[in-house]
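Letters are used for the chains, namely A, B, C and D, taken in the order the chains are written, and counting of residues starts over at 1 for each.
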Amino acid sequence: MPAIKCVGILTSGGDAPGMNAAIRAVTRAAIYQGIKVKGIYRGYKGMITDEIEEFKTQNVSNIIQRGGTILKTARCAEFKTPEGRKQAHDKLMEHGIDALVVIGGDGSLTGARIFAEEYNMPIVGLPGTIDNDLYGTDVTIGYDTALNTIMECVDKIRDTATSHERLFFIEVMGRDAGFLALNGAIASGAEAAIIPEISLEKDQLAEMIETGFRKSKNSSIVLVAESDVTGGAMGVAERVKNEYPQFDVRVSILGHLQRGGSPSAQDRILATRMGVAAVDALLDGQRNVMIGIQNDEIVNVPFSKAIKNDKPINRDLLDALRISSI
Amino acid sequence: MPAIKCVGILTSGGDAPGMNAAIRAVTRAAIYQGIKVKGIYRGYKGMITDEIEEFKTQNVSNIIQRGGTILKTARCAEFKTPEGRKQAHDKLMEHGIDALVVIGGDGSLTGARIFAEEYNMPIVGLPGTIDNDLYGTDVTIGYDTALNTIMECVDKIRDTATSHERLFFIEVMGRDAGFLALNGAIASGAEAAIIPEISLEKDQLAEMIETGFRKSKNSSIVLVAESDVTGGAMGVAERVKNEYPQFDVRVSILGHLQRGGSPSAQDRILATRMGVAAVDALLDGQRNVMIGIQNDEIVNVPFSKAIKNDKPINRDLLDALRISSI
Amino acid sequence: MPAIKCVGILTSGGDAPGMNAAIRAVTRAAIYQGIKVKGIYRGYKGMITDEIEEFKTQNVSNIIQRGGTILKTARCAEFKTPEGRKQAHDKLMEHGIDALVVIGGDGSLTGARIFAEEYNMPIVGLPGTIDNDLYGTDVTIGYDTALNTIMECVDKIRDTATSHERLFFIEVMGRDAGFLALNGAIASGAEAAIIPEISLEKDQLAEMIETGFRKSKNSSIVLVAESDVTGGAMGVAERVKNEYPQFDVRVSILGHLQRGGSPSAQDRILATRMGVAAVDALLDGQRNVMIGIQNDEIVNVPFSKAIKNDKPINRDLLDALRISSI
Amino acid sequence: MPAIKCVGILTSGGDAPGMNAAIRAVTRAAIYQGIKVKGIYRGYKGMITDEIEEFKTQNVSNIIQRGGTILKTARCAEFKTPEGRKQAHDKLMEHGIDALVVIGGDGSLTGARIFAEEYNMPIVGLPGTIDNDLYGTDVTIGYDTALNTIMECVDKIRDTATSHERLFFIEVMGRDAGFLALNGAIASGAEAAIIPEISLEKDQLAEMIETGFRKSKNSSIVLVAESDVTGGAMGVAERVKNEYPQFDVRVSILGHLQRGGSPSAQDRILATRMGVAAVDALLDGQRNVMIGIQNDEIVNVPFSKAIKNDKPINRDLLDALRISSI
């Protein structure tokens, strides 16, 4: 295998806090190892539209603390076609890019996997998503920040939720995974969480209300993971209005602000470690792997595993929430 | 007029950050002046239900930084009836309360005014509302904090609003006043604000789009004041979908979190100054006045003026927003 | 007077949050008015070293929320000499710059005044300093953010100041003005402030201790303005150790972090309004003036007044602090 | 072994964010299990001075988000004597307390261990310290919050650190452990960290300067762990002034504010899980153990291990910092 001379880096899919810290680390680690770096704008789209420029260490100065991604991100329909990928590959060849680091979620890594196989290109992925729904890594880049953002929002809502008999349903992101809702509920002292992983097993709303979840409380806050399975906050509130009309229900949908903000310490450190590890992996001849972290150690997870498997919720957390909110 | 021996304090209506700082200042200023203080819980309701307790300086220790109100707040239908007010007055007499400080917005001060006239009770009001819609004071307690909260939320949304051709409508509070939306838009670098004060004069949405408000921008953010007049963010977005289908529209409703959070420095200082001034006013024989601030000086504003008049928007701000967002 | 075709903009002296918002507003207001804009880096130094580049609206995109100044700032000894100013003027001529907007504090505006007189150049100043020590404007750009930063730091220190008999002296900036210390003390619920404006009148420390400032308190926090007159936190602590050895004293010097951070809503709005007004003033033929704000209205203050006069402390605040901290 | 009927809970030593979340979880978990709970104020001191009161679920309402500890904390010399411990034990017996949960650091757990042995009392410890220096747990309660606080302070200092040739030394806490300094440096994008674990191996300052750590940078920030071994920020700055006089050095000591602030999501979740686990452990007959977390699983660590062993720094982090800051 020939040595890698130039690595392209891109962010794809929904953006996540810490992506800039990852871009910075990949760029500097590559330069440190004598490899040229090229930034590709707007995800896979920028490969096709040729929005590519060389990055020096200064290009990534003073970005570690910034939300979003300086490389932007976009969905790209063309890249889902063989013709689009051909065009993308041609551009990479023109730029002398012989390896890629892709930062993104499930969909982005799926794209990377197909591309890597079609063109025999070394690609390493970094798990960048606030949803924490990638298998093979304890946490993803952006998750801790989003969790803190949610918690701060719920803290504020609780400040004002003082009147009697109010029941707040707050919808948080998660793309069919309950990590943000469940941990957000524990962190904010909410009374309950309704998450897709449990929705199929039992009626969380009914149980919550039947066990008298708010006997001694003036107001209650329930976090609901956005998902067809849970029905979202609107769906749950609708049910309460019909089935438990005694409650004065309020709904709040946190929405897009959950993706933004300056990354937390944990996300910046994670992104930095993973960025350095991505370059190490490429130099080591690894390919088609996602960098993960397990028990505070960096691991390489084959794309096939990271994408295909569902990451389970730690069931201990359900008890911790139930008991601490009595 | 006999000297005041015991002052009751309550918070009423929608809560606002800084109410605790005001409670602290009123309590300590009264004690400093040799007057007893009684905290009344849940607004006017607590008078009727007799949720009243004496406050010492320690009762208000370590609350200046907390959002919400330790005295809680509630709507109270009974207090709108003469019978309810009679009951309330009886309880106050039982407790030896011979003057009141009421912290709240428009509706709360209207209640105070009626009660003061019926029972010839000295009452001083403090303007506590995030909406800033009280005449006779440059700012109200809670407004600055809510403005900062909105700004921080929009900052986060902007982090992620990087894709092409997206148009975000973010709904903020204001109760038919555009202060939060207009100043929030300037502070967050949003492209425009749709506010009720201007809705009647012209079609803000049409103008915004016709003047090519986003020629050189990838994404645009517009703040919309909640109001029947503006239609809210949902209403505006609906119109865009029908009339300007070329835009990819997103809606975010910030909701209840705008009322919460630790108060800003300005709100804490304002609340402290106003709380001290409220006690001074009572000692000075003032009654039926709201404490206001004008040009950094404390003023006494008759309830009649504060409630009846509409507070105008500073039109210079419209220019500042339009010009700074090109 | 010939029309202005190209305005140079620079930030000088100690940086302040909101400077970027001002740069953004000046740039866009000038372009809006058909005037070219050139950014000058590192204050007056950049004029001499020719670090000057044209600014388009995009150059100031997405900077309103950032602390510091994208134009950097530096002290410049050469500019204090006639030769240095000659060089600076020559460079401005080369670049076709026929007017300047200078954002900075006392020293920076003094430099602007001299330069304006020597070369008959239209210059408008914006008051950019966290110290709030410029006469003719109710507040300066950066002051509100610094005040909030100080308050948040003191909030944190108070969280941990729970043990008996501890007396914390926290030193804050101010450059011989007590605005940050006094208002910071009110906002954070501190027990007292030691500020230069009062130091000459009486012994603040002795009074504080003699009036039993902490009878019912477990721990006490006193803000001290950095200044030769106050002695700073270290100086005051030293005195306590000698004269009142019964107290367990702790010192914290907040230092440089007071200058940083994302600007508050008030600072961003103020900077935006002032930036727009600076361009208006230039177009209106104004020169040698600082833009100020008084009673929420923009005013033009001659440099001579802004620089020479001392801005007084509002004495009402001293009472508010004393009474609210009993 | 007889069943536990009443558990006492206390916080001891330096306070840490998240202690309140732990108090809340222990209280509610005990009540959930049918055990009575008594809060003991001011650490071990409150046992002796009899500052003990029963806690119901409401006593711990709305505290999860608050910094510091509602139970206060204090050093207690008497508890280090057999007589003091005898008095303490007598009081516990009077109150019917037959088990303890102690939240604190190294010193507090050492006290717990001695007391447990002398009086054969079931005691479970929770690791509450920002320093993260307890063996047997991946993280301690308070560490993540302190790390974020440090990062936010350094972010602010960096905003203003724009002039050429400045070298900032920022001292952070750690009590002879480098976790906060090293991870704080990575998270804030600082150029280097000087930590006690490495000080004995090599001259970190000399290496840093010799490897030209700041070739392409305008200003540099170095985090220094407080410690006799490192010399602290003052000690290092003094050395630079003597040995490398070409640098313009600035020092900032973050100080007590590092202990305060609303806890981060991670700390609240950790404290909640550990609090629930502490009651489980007591019910399970465990004693003289500290609750730890390893690989996201709760573990019981004998006091002897947790106290005696040094927790090592992950050496990978040194590389991550060095490479990402080129």
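Criterion: a residue touches a chain if its C-beta (ideal position, glycine included) is under 8 Å from a C-beta of that chain, and two chains touch if they have at least 3 such contacts.
Small disclaimer: the values here were computed from a predicted structure and weren't measured.
S.K.: Select the chain at the greatest separation from subunit A, using centres from the mean of Cα atoms.
M.R.: For subunit A, the chain whose C-alpha mean is farthest off is C.
S.K.: Once you find the CA centre of subunit A and the CA centre of subunit D, what distance in Å lies between them?
M.R.: That pair's centroid distance is 29 Å.
S.K.: Suppose each chain is reduced to the average of its Cα coordinates; what separation in Å results between subunit A and subunit B?
M.R.: Centre-to-centre distance between subunit A and subunit B: 36 Å.
S.K.: Going through subunit C residue by residue, note those that touch at least 2 other chains and give them in order.
M.R.: If we look for residues of subunit C contacting two or more partner chains, we find 155, 158.
S.K.: Among line, ring, star, complete and other, which one matches the pattern of chain touches?
M.R.: Here the contact pattern is a ring, one closed loop where every chain has two partners.
S.K.: Can you name the residues of subunit A that touch subunit D in the complex?
M.R.: 24-25, 28-29, 31-32, 57-58, 61-62, 64-65, 138, 144, 147-148, 150-151, 155, 158, 183-184, 186-189, 216-217, 262, 264-266, 268-269, 272-273, 275-276, 294-296, 298, 314, 316-317, 319-320, 323-326
S.K.: Applying the document's contact rule, which stretches of subunit B touch subunit A when the two form their complex?
M.R.: Touch residues, subunit B against subunit A: 14-15, 17, 66-69, 72-75, 149, 153, 155-164, 168, 250, 252-253, 255-261.
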